[in-house]
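Just passing along the structure, written as C-alpha cells.
Order of writing sets the labels: A, B, C, D, E and F. Residues in every chain begin at 1.
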C-alpha cells in the first residue's frame, strides 16, 4: 500500500519533471499565448503549442513507441503523438494533404492576368538560398553543427510556406523539424512587422504610390488548364518537386474545374482541418528539450528572420528592376509579396501602398506574386531535395 | 461443378453458423433495437450493434488478420473490423480523438461560475471504486475470473463516460472491452430510469425544492485559461490521466479561444462523427461469443448498474452535506449529475427538481457537477492506469 | 558542381521519361479531359486521372515503398500513392467506406413499394457472367492471358458499380485494377449513350409507352427494417458478400433510422468525399504503363462494353417477360435500370420513356430496379469471391 | 473444353442461379416484412405525403423543402415586424 | 483477506483520495484563477448577456441566433429593394 | 573554402538558377496558354464580371454572393405570396 502510494508519487510530474521539460512546457504555453492573444497563425501554432506541452509531460507517454511481443501482439500501445508523427509527418502525408487543401483555396486568377509577377515569386526565393549560405557558414566555422541537409531545411523557412518547410524538414533534417516549423509559422505571422520597414527602406514615396493597371479578366478555361500545365512542367523538369506541386495543382484543379465541388469543398474544409489538428500535434511532438533547447535553435530562429528579410528585399528590388523595363507600371511593393505567406504578405503590400496613396489598392496585384511565391518555394524545395538527397 | 456448389454451400452462414454466433447476432440486433426504438445512445449503440452482427457472420472475415508472404507482400487482406480495432481502439487513438471532440463541445461556464460543484464530480466517482471492490470480491471469492486490472476496467463503467471506459478497458482488459462498452453506454442511456428513484429516496421534498442562486457571468478569459490550468495540474500530479484530459482540454481550448473556430467546428462535427462510426464498429468487433457469452458479462452488467447507483447516491449525499455547510443553498439533486453522462444526468436533475417545484430550473446548476464528473472519471482512470499498469 | 548539375539533369523527367510513362500521362490527361469537359463521373475519373499522371512522373516516387533500417527506423519515406494504395485499396477499406456512404445516400422506398423489381436487378447481372465467359474464351483461346480470377474481376465491370468493381478487382486481380476501374467508371458515364439504342431495339413503341401505376407509400418502419433483413439474409446465405452489403446496409440504416442523422450526414459528405479523393489517387496509381499498356487492357475495355450491353438487354427482356405475366403493367424500359449505375440508368429509362409518351414518368419506377442492381451486383461479387477465392 | 472454360461456365451457372435465388428470397422476405409491418405496426398518421412518382430527382426536392420552412418562417416574422413598425 | 482484495481496497483508497485531492486542487486553482483574471484583466464591457440559468438548451438557441441576423439582414434589404421599385 | 561551403554555394547557384529558369518557363507557357485559349476557345459570354481589383477579400464576397440569390429568391417568392393573400 505504501509502496503503491510511493509508486503513484513516482509517477507524478512533480517527481519526474526535468528542467528541460519544464522549459519546453513553458515554450508550448508561449506558443499558445502567441496564437490566441497575438493571433500568430493560430490554426497551426495552437496545436503545435499544445503538442509541445503534451509531449513534455513526463510519464504521459505521448511519444512512447508501441511494444509488440515476438508473436506480433501488442504488449503496450504507443502514444498519440507517436502514431501521428510516424503516420503523418515522417511519411510526408500530412503536409501533402494540406498542400492539396491550400491548392483548393488558391485563386491563380491575378497571377494569370499578369504572368510577369511570377518573376517576383522567383526573386523572393533568394532569401532561401542566402540563408543556406548563412547556415553553411555557421556550420563550416564550427559555431553550430549544421550539415548541408540541415542548412537546406533551415533555408526553406525563408519560403514562408509552412507545409513546404515541414515537408522538406521531415525529409532532410527531422531532428530540426520542431524548431523549423515554429520559426516558419512564427515569421509568417510576423510578416506585418518584419516586412514594412524593409519595404519602406528600399523604395521611394513615388514608387510606393505607383498605381497599377486594372487586371484583365481571366477565363475559366485558363484557370482549369493552368494547374495541368504546371504539373506537366514539374514532371518534365523537376520531379522532386512533384509531390508538393502535384498535390497543390490537384487541389487547384478540383477548385477550378467546377465538376467536383463537393470534393473541393471537403479538401478546403473537413479534410484540411482534420489534418491541420494532427499536423500541429505531430510537429509539437518534436519540441522536446533535447531537440529544441540548444544553440542550433537560436541559429535557426535568427537565420529564419534573415531569410525572411532577404527574401522580402529581393522581391522588392526585383520589382523595382522590372518597373524600369516594363511597359506597364509595377509598384515595387508587390515584390515583397513574393515570399508567399498567403495572403498576409499581399495584405501588407496593400497596406503599405495605401499609406503612400490612399487610392492605391494593391491587394489583387500582390496576390499574383503571392501565389507565385508558393510555386517558387516548392520549386526551391524540389531542387534542395534533389541536390542534397540525390 | 458439384464440388463448387458444395463449396458454396459450405461457405454459407447456415452451414457454418455456430450457436454462439447466432446468439451474438441477436444481441447485436437487440442493441440496434434499443438504439433506434428506445433511443439508447444511438450514436454509439447503433454502430456497436451493427459491428456485433457483422463480426459474428461466419466466413465473412470482418476480424480476419491480413496474411503476408515472406517478402512482405500481402497474400490476403484483413477484415474491416480488424483494421479498425487494431488501428484505432487497441492504440487508443479513437477514444482520444472523441475526447477531444467532446472537449470542443463542452461549456465549462457553469462549473467555473461555481467551482464548488467540482466536489460533486469527485464524490460521484465513489461508484467507480465501490464497483472495483465488488468485482474484486467476485474475483477473490472465485465466483468470477476477474483480476485487479479487470476489476478496475469494470469499475470505470461507473464513470458514466463512454470514451473513458473504452480507453481504460482497451489498456487494462481488452478481452472485456465489448461488455464494458455496452454496459457503459446502456447505463448512460438508462440514466433517466436509474437515477430518479435513488434521488428521491435520499432527499426530502424540501431539499428537492431548494432554489439555487443565479450563476454569475463567466468571462471569456476564464474559459480560455481553465483548460490550460487543468492540463498543467494533470501534468504535475497525474501524468497517466494526461492523454485523456490533455486531449479533452485541447478540444475545449480550441472551442473557447475563438481563433481556431474552423478546427473546433471540425473536431465537433466531421471528425468526431467519422471516429464515432469506426469506434462503434471496432467496439462491436469485441462482441464475439467467446468474449461475451459467459458469466463474467453478467457480472459486468450487474456491477455496472451497481456502480451507477452508488455513484448517483454518493453525489446526492455529498450535495446534501455541502448544503449544510454552504453559505448559498445547494439543491442535493445536482449531486446526481456528478456521474457525468453529459448532458443527460443534468437534465434528469432538472426534471426531478421541476417535479418538486415548478419554478425550479436546475439545468445550468447541474451542468457544473456534470462536466466536473467528466474530469473526475478521467482522473480516476488515470489513477487506475498508474496503479494497475505501473 | 558540374556533377551536381548533371545529377539534377539526370533527375529531370525529360532525361528519365520512358515512352510508356509519357503515354500513360497522356491517358491520365485524357481521363481528366473526359471528367471535366464531358462530365464522365468526374468525382472518380478526375482523381484517377491525376493519380495516373502523378504515378508516371519518373523520379517523383509517388509509388516508392518506404525503406527501413534493421532497427526499424525509417531511412526514406514512401510515396503518397504507396500509402494510399496499400492502406486503403489493397486492404479493401476505401471501397467499403464508400459503399457505406452510398448506402446512406440510397432510398430503397421505390424498390420496397414494388419488390418484384428486384428480379430486374437480378436479370441485369447476366451481363457480368456473360462477360466472364467472354474473358474465359479469350483466355482459353490463348488470345489474352486471363485466369478465372481475372475473368471474374473483368465481368464485374458489367455490375455498373464502381466500388464493387474496385473491391473485387483488388481481391481477385490487383494487377488489372487500374484498367477495370477506368472501364467501370467510363461505361457508367456512358450509360446515356450505350443503353438507349439497345432499349429501343428490344422494345416496341407501345411497350415503351406503358404507364405504370403510382407507387404505394412506403412506411418508415419498412425502410428501417429492410437493411436489417438484407444483412441477415446475406449472413445466412452468402457471407462472402457481407463486407460489401453489410456496410451498404449499415449506411442505409443510419440514413433511415432517424436517430443518428449526424453520422449519416458525415457518411454521405465529409467521409465519402475524403475517401473518394484518396480512392481515386490510389486507383490511378495502378495506371502504370506495364499494367495498362498491353493487349489485356483492350480486352477489358471491349469486354466491359459487352458486359454493359448484355446486362441492359437482359434487364429489358426480363421486364418484357414480367410484363406478360404481371397483373399490373410493367414498362420494359425500367429493366435497363437493373444494371445499377445509380441514378444515371434510371434517368435514362425515364428519358427514353418520355420520348415515347410525354406523360410517362418512369424515374421513380426505374429507381427500384436501379438500387436492386446494386444489391444484385454485390451478390454476384460475393459468389465470385467465394467461387474463385475459396 | 478445357478446365478454364468449364470453370467459367460453372461460375456463370452458379452465379446467375445464386443471384436469382437470393433476390427472389429478398422479394419474398420484403413482401412478407412489409405485410407484417403494415398489419401490426401501421403508421400512426399516413398524412398526405408528396406523391413518390413525381418526375423530379428526390435529392434536390428534399433539400429544397428542408431549407424553405426555416427561411420562410424568418421571412414571415420579418415581414410582420416590418408591417408593425 | 487475500492479495487481490487488499489491492482492491488500496485502489479504492488511493483512487478516491486522489480524485478528491485533485478536484479540490482544481477548486482552489480555478477560484484563484478567476479572481486574478477578474481583478487584473476585467472584461471590457460586460454588457447585458442573456442569463445563464435559462432553462433552454444552449446549443439550439445559439445556432438559431447565429443564422437569424444574416437572413434578417437579407430580408430587410430585399424588402427595401422591393419597396423602392 | 571547405567542402560544406562549396556545396552551399553550389546549392545557391543551382537553386536560384533553377527557380528562375522554371518560373520563366512558366511565364512563357502561361502567356502562350492564355493566348491559345483566348484565341481558339474564347469565353462564350464575357458578361460584366465584378472588377478583379476590388479591395475586398475575395472569399467573403464570394460566399455572400453564393448565399444571397437563394435567400433572395425565397424572399421574393414569400413576398409575392404574402401580397397575393
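A few notes on this one:
The rule is short, and it goes like this: a residue touches a chain if its C-beta (ideal position, glycine included) is under 8 Å from a C-beta of that chain, and two chains touch if they have at least 3 such contacts.
For reference, the UniProt names are A, B, C = Oxaloacetate decarboxylase beta chain; D, E, F = Probable oxaloacetate decarboxylase gamma chain.
All of these numbers come straight from a predicted model, not from anything done at the bench.
The chains in contact with subunit A and with subunit C alike are B, F.
By number of C-beta pairs in contact, C-D leads when C-D and C-F are compared. A rotation of 120° superposes the C-alpha trace of subunit D on that of subunit F, rounded to the nearest 5.
Farthest from subunit C in terms of Cα centroid separation is E. Chain centres here are Cα means. That of subunit A falls 48 Å from that of subunit D.
Subunit A and subunit F, compared by their mean Cα positions, are separated by 21 Å.
Here the CA centre of subunit A is 34 Å from the CA centre of subunit E.
Residues of subunit F in contact with two or more other chains: 10, 14, 18, 71, 75, 79.
Annotation for subunit C: residues 4, 8, 237-238, 269-270, 383, 387 touch two or more other chains. Contact residues of subunit B toward subunit C in the complex are 4, 7-8, 11-14, 16-17, 25, 29, 32, 35-36, 39, 42-43, 46-47, 50, 53-54, 57-62, 66, 74, 77-80, 83, 269-270, 273-274, 276-277. Interface of subunit D with subunit B (complex): residues 6, 10, 13-14, 18. Taken in their complex, subunit F has these residues touching subunit A: 2, 4-5, 7-12, 14-16, 18-27, 29-31, 33-34, 37-38, 41-43, 46, 49, 51-55, 57-58.
Of all residues in subunit C, only 1, 4-5, 8 touch subunit F in the complex they form. Taken in their complex, subunit B has these residues touching subunit A: 86, 90-93, 96, 100, 170-171, 224, 228, 231-232, 234-240, 242-243, 246-247, 250, 253-254, 257-260, 262-263, 265-267, 269-271, 383, 386-387, 390.
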